[in-house]
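Just passing along the structure, written as structure tokens.
Just so it is clear, A, B, C and D label the chains in written order, and each chain counts residues from 1 on its own.
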Amino acid sequence: MSTFISFILAIISSMLIDNVVLSRFYGICPFLGVSRKVKSSLGMGIAVVFVIILATCICWPIYTYVLVPAGIPFMDTVAYILVIASLVQLVGLFIKKYSPALYKTLGIYLPLITTNCAVLGVVQGNTDQGLTFLNALANGVGTSLGFLVVIVVFSCIRVRLESANTPKAFKGLPIALITAAIMAIAFMGLQGLFSGIKL
Amino acid sequence: MANTKRYVITAITLGIIGAASAAIIGVTNLVTREQIKQNEQNKINDGIAEIFGQNSTILNTQSIENEKYTNTVYFVKADEKNQYAFRADGSNMYGKISLLVGFNELNQFKGISVIVNEQTYASTLVNEYIDPMKKADNKDEALEDVSCGATYGAKLIRDLVNDARSVVMKINAKE
Amino acid sequence: MKREKGQTKKNFLKGIIQENPLLVSILGTCPALATTKSLEAAIGMGILFTIVLLCSNVLISLLRKLIPDEIRTPAYIVIIATFVTMVKMFTNAFLPELYSTLGVFISLIVVNCIVLGRAEAYASKNGVFDSFIDALGMGVGYTLSLCLLAFFRELLGTGGFTFGQIFTFIPLTKLIIPGAEKFAISLFQTPAGAFIVFGIVLAVVAFIKNRKAELKAFEAKQAKLKAAEEAKAKLAAQQAQGGQQ
Amino acid sequence: MSQTEYLIIAIVILVILAVTFIVSFVLYQRTPKPKGCEDLKPSDEKCAGCTNDACAFYKEKDSVESIEKKEEK
């Protein structure tokens, strides 16, 4: 029972407290770039959630059962980037062949995910921190859901930002960064949630 | 005909790139492997010096197999008494930490030092739990008030220290 | 290919001013926000980034005729991943503090949009020397903009600069402005501060760009006005001549 | 299973990963877009903010704009 609780706590912790975009800074490029329309950012978020969970499930066993016994743990980055890139292409292939509707919404983001820092950041972070598989999976799920939550919330704000009369120099990206800073402060408030939990 | 020729060339170039990258990584590995091991060893020496004082020397090491991990016990000779230090590794949902836990010849808890700290909240763990333990003059009492805290951090440290204590007890009993 | 006289200088300066990867084309923002907590970490990150960019640009421009067009991107990704692993191993061995402060962000250079972007946009089309200069310009430009961010974040966050924690061969020096420690706003050391500093820096860059554009538009209008007056004056002179004959 | 055998297995797995990546990359490029999506041009609505010029659609976007410019002339 306690492992189940710690699994859920790990998900919530990496989703809200240690949010991937606002406090660990992985995945800022798509976060700033693509979050103009709510629907497009939702599509991007779902694609990232799908790829992160698949990537964690594949990369962690590769690291522990293949690379470490073989004595070449330094090859982890090469293996992860190959796994993530082939995952993205295979998922794209699958979507292209079997579901045109899904391709219409997600198709444009798939090539972007390979250069998305969040996916490799999470996978590399899992093994660098030496997490067990359960914790790594929880970290993956929590991080991707956190990414989805933040990117959708940010795109709602950003839609309203377009109509706000910001000074000429701040139009576009600078004002989006300042709002992201305010969101980061809000998320920082959740910092002490778990250090006091009695288990 | 031209098609297969193109495939052959592609395959050869990719093969060359793959072989070249493997060679580059292999050579860098050979160059840097000793240095990385040396860095590890320096960290452990600093840890032991921190716990047992500067003039401590490592007599010999013995590796212990248990269900979770294989780790080494360091037999340390400090101020003419042979004492023990055990390196305990552990991880929780925030990441891995490995501590060097020192015991004097009467199996009393002597000190603690952090070798590897990959926790996401690395600094909070050190400030809240490990520094007070180091500063406290009565070590055993400091150990108690840390291990009664039931947060994830305290729980992890308590497990590691207890692991170390059990291993050192076993070795002492044997001798 | 005729080499214009100033091409290498222009090619180098392009990376720093016109097409600065971080401040103008806003690429590679992930490590920029994360590693600029201290000036030393920013310098370290910049150096590592420049090394990877130089090696990958040179090797890619060497092999550009060999790699068939269809599988360019996978070959580039493998080459960049190799150099990143090499750099990671060297930092782990010779600069362990830099390795532990940067942590995951050294491996994130592989997915950095600049490295793949420069490889695809420039190195696959130009000669080795041009790609080297372009990579050097981009690397120096990226490092300078990282140091700009880190300068403000560390100055405002801790009231001064500490050197020697990461590059341990420098003796630990703390250049703290006397009395500034009390006014240090520790918000700038947190992620929120990174967003604020980056936003304001981008706003200043946008302001300079708008100002330049206005100046050019103003000069263009002036030139047009002058040209119109000259045309009128020439017309008047012709009529005066016509009148005298 | 001595370490060298593990090493051989690891190298084989890495090669398999690389081959699957390249094969899937080529197949992804070759499969035609689904029927309804031929006209999925990188419209500005989705690609507006993104500055990642290494992405495949970015190149299409340039080619699309260059075609439009030619039509205007």
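The rule we apply is simple: contacts are C-beta pairs under 8 Å (C-beta built on N, C-alpha and C of every residue); 3 or more make two chains touch, one makes a residue touch a chain.
Predicted model, so just to flag it, every value in this text is computed and none were measured.
Distance from chain B peaks, on a Cα-centroid basis, for D. The chain pair with more C-beta contacts between its two chains, of A-C and A-B, is A-C. The geometric centre of chain A is 26 Å away from that of chain C, both derived from CA atoms. Centroids of chain A and chain B (each the mean of its C-alpha atoms) stand 30 Å apart. As a whole-number value, the distance joining the C-alpha centres of chain A and chain D reads 20 Å. Averaged C-alpha coordinates give centres for chain B and chain C that are 39 Å from one another. Shown for chain D are the residues in touch with two or more other chains, namely 11, 18, 21-22, 25, 51-52, 54.
For chain A, the set of residues touching two or more other chains reads 29, 32, 72, 74-75, 78, 82, 85, 115, 128, 173.
Among the residues of chain C, those in touch with two or more other chains are 26-27, 70-71, 74, 78, 81-82, 85, 89, 113, 116. Residues 21, 25, 29, 91-96, 118-121, 124, 128, 150-153, 155 of chain B touch chain A in their complex. For chain A in complex with chain D, the residues that touch the partner chain are 29-30, 32-37, 40, 62, 66-67, 69-72, 75, 78-79, 82-83, 85-86, 89-90, 92-93, 96-97, 100-101, 103-104, 107-108, 111-112, 115, 173.
Contact residues of chain D toward chain C in the complex are 18, 21-22, 25-26, 29, 51-54. Of all residues in chain B, those touching chain C in their complex are 6, 9-10, 13-14, 16-18, 20-21, 24-25, 28-29, 31-32, 35-36, 39. On the side of chain C, the complex with chain D involves touching residues 25-27, 70-71, 73-74, 78, 113, 116-117, 119-121.
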